[in-house]
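Presented sequentially are two complexes of chain A, the first with chain B as partner and the second with chain C.
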Partner chain A sequence: MKYRINKKADERLLSFYWIIMFVIVTVAVVSAVLIFVSSPFDIRETESKLLVDSLVKCISENGVLKENFVNLSNEGLERKCNLNLKDNTYYGEESNKQYFVAIRFKEKEYSSGNSNLEALCEGAEQKENIPVCANKKIMLLDSRGEFVLVNLVAAVRKTEKNAIS
Partner chain B sequence: MLFHKIKSKKGQGAETMTWIVATIIILIITFLFLLATSLLSKEKRVSSSFGETGIFGAEYSSVATQQMLFSFLSFKHSSSGKDLKTLIQEKDYNLMRKVAEEGIAKFKEQGIICNFFVKDPTKGGSILKLNNGASGTKREVFIDGKEAILECEE
Partner chain C sequence: MKIKFDLNKKGTFIISDIIFLVLALSFVAILLLFISKQSSNTILIEEQAAKQIALALDALPSKTQFTMYVGEILKEKDPNFSSEVIKIDNERNVVRVKLSEKSGYEYSFFNDLFFSAELKGDYLVITSNEIQNK
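Let's turn to the complex of A and B:
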C-alpha cells in the first residue's frame, strides 16, 4: 500500500519534470529562431560589387574607354552612370553619406558620395562595423588603341542597418 | 522488510541521479544550440565573388572581365595594324600569338594576371594557350566558330 502511494507521487513528479523540460526546449527553439530571423542580412558586399559593375558598364563600351568622361563633375558621375547614391531607408546617419564610388585612370579621378568612407576600406576584413568596399582593376583601350588601367572603387556604409547589432 | 526499504531508497537515489545528469545534458545542449544560432546569425550575409553567378543572375559581376576580353580582342598589333579579332578571323595564328602575348604582358605590367585561350570546338583542340596560372572570372566569345576565352585573377 505504502509502495503504491510512492509510485503515484513519483509519476506526478516525473510529469512535472517532463513539463519543465518541454517548456525549456520550446523556449530554446523559439528563441533560436527569433535570434536568427531578427538579425539582419548583410548585403553590402553584393551591393558594392553591383556598384562596381555599374561603373564598368558606364565607362566602357565594347572594351573601349568612353572619352566623354573627361571634365565630368562629381555630380555628373552620379547622373552620367545613372546611379542613386542616396540611401532611401533613412536608417542611421544621413542618407546621402552612405555610399562612395570612384573611377581612376591616367591620373584622373571621378568620384561621388561620401569620400571619407574610402579611408576606412583598408583592412576591412579584420574590423567590424565599418564600410564594405569593392575594388576592381580593369584594362580598357583608349581612343588611341593603348591599354589604360582603370581603378574602380565602391564603398557602402550602412553599418547601423547591417552590422551593428 | 528493512533490507527492502534500504534497497528501494538506493534505487530511488540512483534514478534521481540519472535524471539530474539527463537534465544537465539537456540544458548544456540547449545552451550550445542557442550559442550556435547566435553565432550563425552574425554571419548572415549575401556575398559572391566577382564573376560568380550570384543571386542576381548570370550576368552579375562578370561585366569587368567581359569588357577586358573585348578590349583584348580589339588590341592592335603595332606594325600590321590588325587586332586580335581580325587575326583570329583571318586564321593568322602566328601573328595572333605574338599580339596576344604582348597584350597579356601589358596586363601583367599593371598587376592583372590573365590566361588567354583560343579553341576550335569543331576540332576539339586549342589553337592558342597562354596560361599564367590565373584562376578567377572567365568570359568567352565566339569568333567565326573559334572560342576566345579570357580568365583573370581577382
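Let's turn to the complex of A and C:
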C-alpha cells in the first residue's frame, strides 16, 4: 500500500505547534516575572528581630536588668528605648497600629503600640496577611543578684508595604 | 574510499527555515529584554533601597557612622531629576528614595535617634546622633 506524503501540510502543522509553544513560553515567562516583580520585599521578620534586639539593649546592661525600668509608663517605654512606633507612611489612626512591643518580667508588663497584633502572632502558622512577630526569652540578673526571666515580644504589621502587592 | 560530491547539484534555499530562525531569535531577544527591563524597574529599585536603608537605621546604635554603597541606585536616577535621591526625614522617621519626578518610595524606621545622611560619591554616609528632642 502506498501513501503519498504531503510534505507541505506536515510543515504547516509543525509551525502551528511552534506558535503554540512560543505562546506558552511567553505567557509562562511574562507571568513569572510579573509575579516576582509585583510582590514587595518582605522585611518584617528582620524588622521585628531588630525591634526585639533594641528592647534587649534597652532593658539590660552587661546581663543585668536596668533598675530604672521599674514603674515605667507605656509611653515612657518608647522614649526610654529610643523607639518611635508611629509609622508616618500610613494615614490617620492607621499610623499608630503598625507596631507592638512588650516586655514582661516578675508579673509586670510594659507594652506599647497596637496590642491587637499580639493575638494574631499566636496563630499556628504565620500567613502573609498577618503581622510578623519575634519573641525572645532572656535571663537577666536583678539588683539582688537573682535571675529574672524576661519575655520580649515585638510585632510588625505593615502588611500593605510588605505582603500585599 | 572516495567520496564523490556532486557540485553541480542545486541547493535548496529553505526560506521558511530562515524566517523561523529569525523569528525564534527575535522572540528570545524580546523576552530577555523584557526580563532585564523589569529587573531594572525604577519602582523596584526605590523600594529595595528604601527598605535596606530603613533596616540599617533601625540597627544603628547612637554615635555611629555607617557607610553604604549606593552607586547602583544612583545609576538608575533620571538625569532630568535634580532633587535629593535619598532623604532621611527625622521628623517623620521615614526614609524616602526618589529616582525620578514621577516615582518615589517611603518606608518608616522605628529607631528614634537623629540621623544625618550625606552622599559622598557613590557612598551614603549615615551618622546617628543622640536624640535631639524631636
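Heads up, the rule we're going with is that the second predicted complex is superposed on the first by the 126 of 165 C-alpha atoms of A that agree within 3 Å, B and C clash if a C-alpha of one lies under 4 Å from a C-alpha of the other, contacts with A are read in each partner's own complex, and residues count from 1 in each chain.
One rule holds for everything that comes next: a contact is a pair of C-beta atoms (placed from the backbone, for glycine too) under 8 Å apart; a residue touches a chain by one contact, two chains touch by 3 or more.
Fair warning: this is a prediction, and the values are worked out from it, not measured in the lab.
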item: Touching partner for A:Val30 - first (chain B), second (chain C), both, neither; value: second
item: First (chain B), second (chain C), both or neither touched by A:Tyr99; value: second
item: Chain B versus chain C as contact partner of A:Gly63, first or second or both or neither; value: first
item: Which of chain B and chain C A:Leu50 touches, first, second, both or neither; value: both
item: Which superposed partner A:Phe41 touches (first chain B, second chain C, both, neither); value: both
item: Partner chain in contact with A:Leu83 - chain B first, chain C second, else both or neither; value: second
item: Touching both chain B and chain C, residues of chain A; value: 25, 40-41, 43, 46, 50, 53, 57
item: Chain B contact footprint on chain A (complex, rising order); value: 3, 17, 21, 24-25, 28, 31-32, 35-36, 38-46, 49-50, 52-53, 56-57, 60, 62-64, 136-141, 145, 147, 149, 152, 165
item: Footprint of chain A on chain B - complex, ascending; value: 8, 19, 23, 26-27, 30, 33-34, 37-38, 40-42, 44-48, 50, 54-56, 60-61, 63-64, 67-76, 103, 106-107, 110-112
item: In the complex with chain C, residue positions of chain A that touch it; value: 11, 15, 18, 22, 25-26, 29-30, 33-34, 37, 40-41, 43, 46-47, 50-51, 53-54, 57, 78-79, 82-89, 98-99, 161
item: Chain A-touching residues of chain C, taken from the complex the two chains share; value: 16, 20, 27, 31, 34-35, 38-39, 41, 44, 47-48, 51, 54-55, 58-59, 61-62, 92-94, 106-108, 110-113, 131
